[in-house]
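Here come two complexes built around subunit A, the first alongside subunit B, the second alongside subunit C.
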Partner chain A sequence: MDRKEIIDRLKPIIKTYAPAQVKEKLEELTEDADFIQDLYINSANLVDIILDVEEEFNITIDNESMEKMLTVKASIDIIITKLSEK
Partner chain B sequence: MEFMDLKEIQSSLPYLPPFLFVDELQHVDEVSAIGTFTFKSTLDFYKGHFKDIPVTPGVILTETMAQIGVVCLGIYLLRNEPPNRGQFVMTSAAVDFLKPVLPGEKVTVSSEKVYFRFNKLKCAVKMQNSKQEIVCAGTISGKIIKS
Partner chain C sequence: MTGNDLVDLNQAASDSNWQRKGYLDKIYTLAEQKILIASKDQNETVWLLWSMKEAAYKIYSRQTGIRNYAPCSLQCFDLQPDAHKVNGKVKVADHLFYTESFISANYIHTIAALSMASLTEIKVKIYTYPDTLFDYRSTEPQCVSHHGKYLALVY
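After this line comes the complex of A and B, so read on.
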């Protein structure tokens, strides 16, 4: 799975938890986006995103990885790592 | 500490009157909690909500559901962790209000854990009046914050 495919599968998950003004801009979502700073997702909703990511990609995210998943880029890196460990 | 009794959970709650909304915690286990609270007619907010028509505010019902359903359950789930682990704060609530709660009414809150992961506890919570009618219900989440 390449990075583009991963980001396309992340968009609908993020859309569920992002506020309205961010939802409109999600088509232009880049890897640099920071969940809290740029997408206005609070740290508790970030947990919901990560649980949805686990389901979408059929992977398990550990605490240490979870703490790193603050940007789209870091999340893609961790998803790729977890997929390769399967 | 493997065992934690209901009184112990109640005394660990980080609230005091007039913002303590747990009278009796009746049951707690790994996945659920049940407790009661009576809204005494002397509570201060009835003077202003609403003018001449006292009704318990939805925010207070939500807080009552959070204290019994999320925080009491959360304290139990953390019973084997170090005491300085932090405390639960509410991070989101989506609640539907179905019936008014009038001064003097006793309510029973029951909650079921949806998940507890990455320090976030999400619960499905409902509140019933003395006729067993559901007065409000929804989903409330809390997160452990280092105090």
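After this line comes the complex of A and C, so read on.
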């Protein structure tokens, strides 16, 4: 799975928890986006994103990996690592 | 140094389903889950612990420059409920923070500090929308928390 495919599968997940003004601009989503600072995801909803990512990619995200999941880029890196370990 | 965090309980109820499978395991340690299970109002306790962690994290991240998403590394303990107030402590690595949470029907607001003494010196201002729409930055608060229809400032 390449990074483009992963980001495309992340978009609907992010869309569920992002406020309206961010939802409209999700087509322009880049890897640099920070969930909390750029996408205005509530920190209590970041857990939901992580749980949705686990379901979508059928992986388990341990606490050590979760710590780094503040940006789209870090999430893609973790998804790739976890998929390769399967 | 001061930290604060406000949870608008109505906003939290519409945004989050903490009963979702796996949710609590990601954010609360086993010790915290025991506190939760033993509590009378579990919904209230979920957000009480969350606001304690957030308030402590705001000081911790400023102190250390660390930015991460590790809710289980912030451990709430020694909760002392008293009327509408709960005093507690939050430990992160070798840092210890003292907290005081005010619980109302509509929100939970926690303040955090490095000692019990400095906790008592904190001044709190809470505004409800639309009164939140003023230039609060100019009042130079030490910490700001905005959630749902509330704005909480500490000085």
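Annotations
As a working rule, the second predicted complex is superposed on the first by the 86 of 86 C-alpha atoms of A that agree within 3 Å, B and C clash if a C-alpha of one lies under 4 Å from a C-alpha of the other, contacts with A are read in each partner's own complex, and residues count from 1 in each chain.
What we mean here is this: a contact is a pair of C-beta atoms (placed from the backbone, for glycine too) under 8 Å apart; a residue touches a chain by one contact, two chains touch by 3 or more.
This structure is a prediction, so every number in the text was calculated from the model and none was measured.
Contacts of A:Leu26 after superposition: neither subunit B nor subunit C is touched. When both complexes are overlaid on chain A, the residue A:Ile50 reaches subunit B and subunit C alike.
Of the two partner chains, both subunit B and subunit C are touched by A:Asn42. In the superposition on chain A, A:Leu70 makes contact with subunit C only, not with subunit B. A count of residues in subunit A touched by subunit B and by subunit C gives the higher number to C. Once both structures are placed on chain A, subunit A residues 42-45, 47-48, 50-51, 63, 66 are touched by subunit B and, in the other complex, by subunit C.
Within the complex formed with subunit B, the subunit A residues making contact are 42-45, 47-48, 50-51, 63, 66. By the touch criterion given at the top, residues 91-92, 115, 117-120, 122, 141, 143 of subunit B touch subunit A in their complex. The touching residues of subunit A, when paired with subunit C in their complex, are 17, 42-48, 50-51, 54, 63, 66-70.
The touching residues of subunit C, when paired with subunit A in their complex, are 12, 15-16, 20-23, 26-27, 50, 54, 67-73, 147.
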